[in-house]
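In the two complexes below, subunit A is the common chain; its partner is subunit B in one and subunit C in the other.
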Partner chain A sequence: MRKYIVIYRSVLMENLQYAASVAMGFVSYFIIIYIFLKLWNSMYAEPGSLIAGYGREQMIWYVMITEMIWFGARSGAVTRQATADIRGGNIAYQMNKPYHYALYILARYTGEWSVRLPMYFVLAVAMGLVMVGPLSGFGPFAALAAVVSILLGITINGVFKLCISLFSFWIEDTNPFQWLYDKLILVIGTIFPLEIFPRAMQPFLKLTPIYTVCYGPAKLTVDFTPEKFLEILGAQLLYLAVGLGAMFLVYGKGVKKLYVNGG
Partner chain B sequence: MEVINAQDLSKTFRVKRKEKGMRGSFQAIFHPQTQMIRAVDQVSFSVEEGEMLAFIGPNGAGKSTTIKMLTGILYPDGGKVEVLGLDPTRKRKQLAYQIGTVFGQKEQLWVHLTPYDNFRFFGAVYDLTDSETERRIGELSEIFDLADFINTPVRNLSLGQRIRCEIVASLIHRPRVLFLDEPTIGLDPVVKESIRSLIRQMNREFNTTIFLTSHDVGDIEKLCRRIIIVNSGQIVLDDSMEHLKKHYMGRETLEDIIMEIYQSEGKVAMDS
Partner chain C sequence: MSTGVKNQLRVCALSVKYNIMREMLNKVTFLTNTCFMMLNNAAFIIQWLILFRLKGDIGGYTMREVMLLWGIACCSFGLSHLLFAGVFSLPELIIGGRLDPFLVQPKSVLLGVMTSSTRISAMGDLAYGVLVMCVFCFSVKRFLLFLLFTVTGAAIITAFALLMGSLCFWFVRGDVFGNYMVNAMVSFFTYPDGIFNGTARFLLYLVIPVGMAVWMPVHVMMEFDAGALFSVVGFAAGLSAVATAAFYRGLRRYASGNLMEARV
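Then we have the complex of A and B:
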């Protein structure tokens, strides 16, 4: 475990040098949140009205949390780097080190979001407090549950994106699959809570990573109940176990197919 | 003691083929064609502890593929290989603690970190304690004369400085066998000579086995006492440097001898 912590620490040192460039992404975050603020303000024209069980503040905070996860979890390690390593053969030079390549990439991913996520967290909280005001009913238990759930959600996201990248052992280009996954999370997961979708669709959406990556953490932030926390935590742990199992399986099979050319 | 033993080691790659032009591109969609390339063909050899061996051949001869099988990166299709008594593909992680690799064309250092931070990182990766790592960095920094740039980010180092750091990173865990794949590529003659002298010193002081591939005849002549030449995936010569020179007496340089052997073996296979 120590070596993965050292990998994490090294990436953290590396990424801290680029904290200023991460802050450039704040503009996109601000614009998205501003648009949704205007949208929901017009949708909630009548004070105290509810949409799919969410009040105005809850709905806007929901989008702020999901977008914070989306921007905070952006990573080159689990996507571009893993794919380029496999397709270009660089993985060969990682494999003869005494660590597991997939865990190495996850440690790098964790180092990346450890810089980005806190920065977006500060921005989200500042914008939320200024533009919407504090969330009613948000206490220390909800905060703790939200933090646990956000960290698990981001880890699950990394594991699934890495699984997609590992298919580069067999196929030339995994970008279309990354694109589909990203759009699933971005379009369906970050913008609206699952309760907005037709009732018939909801059980299917709960089976997708949306439930564990975006919906769960945001729901616990805006509408915490101990029962909901246990349900989401259980789903996240199950998803993480399945995701890690798939990751080790795909890597184990793929590495035997490795073809490294060019001397 | 034998540290490397390869028996009938073989590796075949499936390579995509495409007919020329646009028509060929469309055909490749519906009828993809592949060709089997035998990169390494029943290669057998062994290496004793402390030996300095040159494993050379023209581009595409199968040198790098062989190194990658010896270090557990590629799975052989046939034959048997043991490095330090371990099967490299089954015991890759265990073997990693005992071998070091330098691939001259690939970077293993983290370019945004300093060499010192890199060495600390590699020390932790190889499970050395902090004090062991510090001791080792001090030792190697002195041998490889790194003091002037050990705290400069790797991205700002010259190629020669970087290669010295690459070699140190590979030696941090005291490997018993060091695989060097073209370690002096792109270096000027002065830096080349200094790298060679460091490799010699390491072999002398720590009895590290050196397995070297290089197209640079100077590396081979000045470092190695034994030479294996491969061509089209097969060993065409395995001899001591001394015996080779005697056998080809009359040729002016080692380069002439090697050229003659390459040419007599004919066409080369694809680059592996």
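Then we have the complex of A and C:
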């Protein structure tokens, strides 16, 4: 475990040097939130109205939290680096090192979001307070539950994105699959709480990463109940276990197919 | 048309042709990129279906208008990235001092840069845009207008990217600002203009030209207005002229990186 902590720390220190570059991404976050603020404002034409049980403030805070996760978890390690290592043959050097390649990438991923996420968190809170005001009913228990859920959600997201990148052992370009996964999270997960979807679709959506990566953390922030926390925590732990199992399986099968042309 | 112009156009056409042929060498990658980009765009239909289930009219748009908006946005973006993807890499070329190979060619530097690469997933955008237009709101007149506005939209996107990219001739971190402006334009493309008002709406029509690239064309296609049509065409031509002038003005400040590299 110590070696992964060393990798994590080195990536963390490296990324701290580029904190200013991360801050430049705030413009994109601001634009997206501005668009959704305007969109939801036009949806909530009458003051005090509810959509799927959510008030206007809750809905906008929901989007802010999910977008914070989305922007905070952006990583080159689980996508570009893993794909380039496999396609370029660099993995042949790395698989001989005294660490597991997939866990090495996850340690790098954690180092990356450890810098980005707190920065986006500060921005999201500041924008939320200015644009919609404080969230009613948000207390210390909700904050604690939301933090645990956000950290688990981001880790699950990294594991699944890495699983997709590991398919580079078989296919040349995994970008299209990353797009589809991103769209699933971005289009359905970040904008709408599950309750907005038709009742028949909700059980199906609970089985997708949307539930554990976006919905869970945002729901606990805007509408915390202890029962919901236990339900979401259970689902996240189960999802993480399945994701890690799939990751080791895909990697194990993939490296057996590896051939290097020298160089 | 003079022989010089004909030759220049021929060189551009050949450049684009060979870019596309190079990208199509791997058929599987080409097909997956194209199909998945179409799926990628189609995913947003779910978003709008849900929103329109909650409210029938959003910012004065119904599902039909939103799909038309998507059609024009995808086709314009696709055409721009298929023919002139090189313009989106302009900041890297300027900062890295890698414009030299284009400067020594006996043809237009700007067109050489613009047609130097292609993004093959743009084929998916183009195909999706046409498909959406035909499925949701087809009529012959509307389709002809759609083709015209695809060209003006692509011209506006390309010119705006060129203008923003050219900032790198003057400012060291001009690439960061330029990229954000271009990305901002794309982010606003697929949302109805009716949800924005006041200063934001003004900025989105004239500073970040989303309004002239996609919103006004949608209004013209739904309710024909010759004045608005000419405004769009004029704006596209004007912005292209300004961007071209900015590029050549900035080119005088260009400093080579003396980089030795082989272009294959």
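Methods note: the second predicted complex is superposed on the first by the 262 of 263 C-alpha atoms of A that agree within 3 Å, B and C clash if a C-alpha of one lies under 4 Å from a C-alpha of the other, contacts with A are read in each partner's own complex, and residues count from 1 in each chain.
In this section, a residue touches a chain if its C-beta (ideal position, glycine included) is under 8 Å from a C-beta of that chain, and two chains touch if they have at least 3 such contacts.
Every value quoted in this text rests on a predicted model; they were computed, and no experiment measured them.
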Touched partner set for A:Leu238, first subunit B, second subunit C, both or neither: neither
Which of subunit B and subunit C A:Leu144 touches, first, second, both or neither: neither
Subunit B versus subunit C as contact partner of A:Lys256, first or second or both or neither: first
Touched partner set for A:Tyr99, first subunit B, second subunit C, both or neither: first
Between subunit B and subunit C, more extensive residue contact with subunit A: C
Touching partner for A:Val6 - first (subunit B), second (subunit C), both, neither: first
Which of subunit B and subunit C A:Leu207 touches, first, second, both or neither: neither
Touching partner for A:Leu230 - first (subunit B), second (subunit C), both, neither: neither
Touched partner set for A:Ala126, first subunit B, second subunit C, both or neither: neither
Residues on subunit A engaged by subunit C in the complex (per definition of touch): 24, 27-28, 31-32, 34-35, 38-39, 41-43, 45, 51, 171-173, 175-177, 179-180, 183-184, 187-188, 191-192, 196-197
Contacting residues of subunit B [partner subunit A, same complex]: 13-14, 59, 63-65, 68, 71-75, 92-93, 95-97, 99, 101, 103, 105-106, 108, 110, 112-113, 117, 120-121, 124-127, 181-182, 271-272
Residues of subunit A touching subunit B in the complex: 2-3, 6-7, 10, 13-14, 17, 90, 92-93, 95-99, 256, 258-263
Of subunit C, residues touching subunit A in the complex: 26, 28-29, 32-33, 35-37, 39-40, 43-44, 46-47, 50-51, 54-55, 58-59, 176, 180, 183-184, 187-188, 191, 194-196, 200
